[in-house]
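Chain lettering (A, B, C and D) follows the sequence in which the chains are written, and residue indices restart at 1 in each chain.
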Amino acid sequence: MTSAHHSPSPARRYVMTFACEDRPGIVHAITGAIVEAGGNIVESRQFESGDSHRFYMRVEILTDASLDEVRAALAAPIESFGIEAEIDEVGRPVRTLVLTSKSTHCLNDLLFQTSIGNLPIEVPLVIANHDTPARYAEFHGVPFEHRPVTSAEEKAAFEDRVREAVVEHDIELVVLARYMQILSPELSAELSGRCINIHHSFLPGFKGANPYRQAHARGVKQIGATAHFVTDDLDEGPIIEQEVIRVDHTRSPQELMAIGQDTEVRTLREAVGLFAQRRVLLDGSRTIVFR
Amino acid sequence: MTSAHHSPSPARRYVMTFACEDRPGIVHAITGAIVEAGGNIVESRQFESGDSHRFYMRVEILTDASLDEVRAALAAPIESFGIEAEIDEVGRPVRTLVLTSKSTHCLNDLLFQTSIGNLPIEVPLVIANHDTPARYAEFHGVPFEHRPVTSAEEKAAFEDRVREAVVEHDIELVVLARYMQILSPELSAELSGRCINIHHSFLPGFKGANPYRQAHARGVKQIGATAHFVTDDLDEGPIIEQEVIRVDHTRSPQELMAIGQDTEVRTLREAVGLFAQRRVLLDGSRTIVFR
Amino acid sequence: MTSAHHSPSPARRYVMTFACEDRPGIVHAITGAIVEAGGNIVESRQFESGDSHRFYMRVEILTDASLDEVRAALAAPIESFGIEAEIDEVGRPVRTLVLTSKSTHCLNDLLFQTSIGNLPIEVPLVIANHDTPARYAEFHGVPFEHRPVTSAEEKAAFEDRVREAVVEHDIELVVLARYMQILSPELSAELSGRCINIHHSFLPGFKGANPYRQAHARGVKQIGATAHFVTDDLDEGPIIEQEVIRVDHTRSPQELMAIGQDTEVRTLREAVGLFAQRRVLLDGSRTIVFR
Amino acid sequence: MTSAHHSPSPARRYVMTFACEDRPGIVHAITGAIVEAGGNIVESRQFESGDSHRFYMRVEILTDASLDEVRAALAAPIESFGIEAEIDEVGRPVRTLVLTSKSTHCLNDLLFQTSIGNLPIEVPLVIANHDTPARYAEFHGVPFEHRPVTSAEEKAAFEDRVREAVVEHDIELVVLARYMQILSPELSAELSGRCINIHHSFLPGFKGANPYRQAHARGVKQIGATAHFVTDDLDEGPIIEQEVIRVDHTRSPQELMAIGQDTEVRTLREAVGLFAQRRVLLDGSRTIVFR
């Protein structure tokens, strides 16, 4: 934004998210600390969930203070209200591990959008159970590992490598870009709230395999895609974003798949972008999305 | 269309639909008969269904010939190819029976759109199991019957009255405008292919009751509505039209319902309009929609 | 929202909007006053406009305090920051004067949506330069005045009557529901920020008269509608909402008009609803819309 | 489609488009020739333009006949009705020359979609006035030429090279994938009907340069893109496809540009795909699009 036109221009822009049990005074206390840190609010949203009675807040501020100074100023209210908080610099690329398989449309888009500066993430590693994606990763200068998953042993090894890579690269987000494998309940639990999957249907319609064939058989007039957090309850994780596109009777299942790929790409990109901008908060089995 | 600008201007415009097992020569034979009837094709679509190997065709023509002359000219090909055909004047209002309940948003829209000439139907009767809709019917000068359905007996009586009304008013289309009752398998079968229901969800997601509460609980990011032909397989009839609208976490189930009503209205109106223009053909469990 | 499930349940819900030149501490001061008034924030958004360097805030709170108590508590920060503020009870119907002409689709929708509780407005009067809308107003129990505008004198008299009615009925919003007349610069200025017009095109495309004929001639693939605040600069007022719908080459200008009417209806309804919920704030020639 | 399941399965699938002055008997004559060629219609559309009184037809057939045999069979009706016809094999990649500049999002998508079989084109050459796109072309194995356009002389040379390449590579379609230069009236005329440009606004709104800045200044609620045939009347060529996407007040011109890029990509891809499938026909200043 052009607030930077203010003179003298504050040096830094920070984004913070807060979640806690709802009670009066939260915003007052937080904004008090922000004033204390010489912060000026540029954009903010708050919401009290009627389902969970929890309070959620996202705020972007401009200030000359350092990240440590801002965190110090906010320590008191965070402490007294028992707030789960995240405070970071706006635009810092989120360290993202991408898992994929044979289909490259989602991977190609994520890497391309990142390369032209449309997606605030950095991808230190791509792991796939096929080697098709190798050249796309290479083109974008991203390290790539091909690890087949054709047996229980290989699957366990694959997931152990994921665990390892998450630590090794300080991974903040794991993206299943058409990975086509079901994560084990254990790994799903470990990655809870930081693993996004793209499902190629408009959930909850057409769960499970081959949704485009199901969509064709059912003769639906719109097909869609759903980006959701991964949980051990398959295809039931909290939904982050959904898109649909109109189709008609002339489309074969193969054509629906081709048409749907574009929807998958856009839905996953949007979900990853929202997450990277810290606009997605978990409220039980639902998401709060502060656009 | 402005073909009427031709001089001398043909007096009449007809619409025809054809369906039969696919084989070569169908279009040639039909268009030959059209030429014979002095007809000029204004708009036409054909489609061969890979699923059923049946051929479907819709055509609009301009000609000076009478309806009987056109039908006579087409009798031969219809006979020889074993075609299911419908031939009618373009714009003749389709005689429509509307069944509804307490909610009036769909009824109000159907009657209003009809009154301003946006929907080529005429409604000789509205039957409802509540009397709320009475004044809307009255406002539009449409006869209204209130028949409670609070017992098995009343339900049977209601359906018998529907059967009766269909004959009495030469009904071509029965519209369930949020009727909220499940038709008996018998009546569903009798009205097969000429009874349209609006389901207040994006089928196949959220079948059954209270889809907006389901949608809220699931935290979906778009809600929708589905207009489909009624079959004895509840919520599984051939889909005619679907619409969706974006929602977010701030919406309560009640708000989702209000938002969804607009989608129901538009989806049902579109489906009824497509049917009335003879643009909807049945292909097994799917519909061919020639927009 | 279900916050009311809290026990003991706060008696009242208020909505407030604030606008002022941006500087640090605004939110802290306002939320401090809210705490003082025993208020709990349910939903809030803030935004600092990079174009005008003005700060905008909308907040909904729950409290046992009365409207006067809430206003008293907020008087200090409003004073010290030079804030333009509006504080009201959530859901209080906004007093709306509707001006229309021959077309009734927008009027019918506004009155119907209001009657079923989907639109938080009340309409004490409809004035039209044709009498076609009379029966729609009557059906909904709304007083109606027919005042022809066929001369400069009649136009002046019409506008004087509007001024009069605004005072007489404490009008907060004037809606031009396809009024089809151009307000005088004087009246436009007097109603600045509280008069919404629906333009039947996707502005800035196809300004002026007969946009559907223009759209047909240009062969556009989507047509739209635009709801905007009225200013003395015709069709250039701040845009509140826009919708589009896909069309194709088969559509005549007349058909485009019929299709477009649905878009006009939805766009105007949305804009009026957003205004009535105090979600629309003016930022120079643009609007801030806090959905 | 699955017609190929027929046994014995016809060897070949052809697509044909026809355009001529409207008169009775056209479809009958054409389908007669198709029968003669042993053809079976899989999908077809016809339309009579009320504006130009011209008749347009697109048909896909299955037959064992060779392309020459099909052409021979259709020679007679084409001759007698003075039809402009194109007859080709379905799926034959359309030879496409891509011109671009610095922005790579459209180029990357066209080449990627082509590489995964979603776009029935082949690109023998990419010419750009910047070298940024070089590596994308190289990645997809497409020859690339960098020809700066910084003077009238260089521009003339660039266009001469385009003329040359069109001949050299039997180019059927020239795509301006964010080429950002205005073609000379002469070249525009030479490429009439076979040159598609993507304009980064929802035409006719925001013609000319920097539409995203215009859109921000105007505060529009949706931005769009338009794919159109290039004519010597800048930004006024026949529209093939348009897409829009919702935005709000929080977006800077830079963010609008990033959001809009996705719309540009999808709109251009759709237009190129429709053209390559021979679904786009010219009707004066408008297009007939047979989806």
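Please note the rule applied: contacts are C-beta pairs under 8 Å (C-beta built on N, C-alpha and C of every residue); 3 or more make two chains touch, one makes a residue touch a chain.
Everything numeric here is computed off the predicted structure, so don't read it as measured data.
Colleague: More than half overlap in residue numbers between the two sides of the chain B-chain C interface, or less? Answer same or different.
Modeller: The interface of chain B with chain C is built from mostly shared positions.
Colleague: Using each chain's Cα centroid, which is most distant from the centroid of chain C?
Modeller: D
Colleague: If you average the Cα atoms of chain B and of chain D to get two centres, how far apart are those centres in Å?
Modeller: Whole-Å distance between the two chain centres: 35.
Colleague: Please set out, as single numbers or ranges, the residues of chain D touching at least two other chains.
Modeller: Residues 1-2, 43, 47, 50, 248, 250, 252, 291 of chain D touch two or more partner chains.
Colleague: Touching residues of chain B toward chain A in the complex: what are they?
Modeller: 47, 49-50, 202-206, 217-222, 224, 238-244, 248-250, 252, 283, 285-289, 291
Colleague: Spell out the residues on chain C that touch chain B in their complex, using ranges where they run on.
Modeller: 1-2, 43, 104-105, 108, 112, 116-118, 135, 139, 248, 250, 252, 258, 261-262, 266, 269, 291
Colleague: Would you pull the chain D residues touching chain B in the complex into a rising list?
Modeller: 1-3, 5-6, 22-28, 31-32, 34-35, 38-48, 50-51, 53, 55, 59
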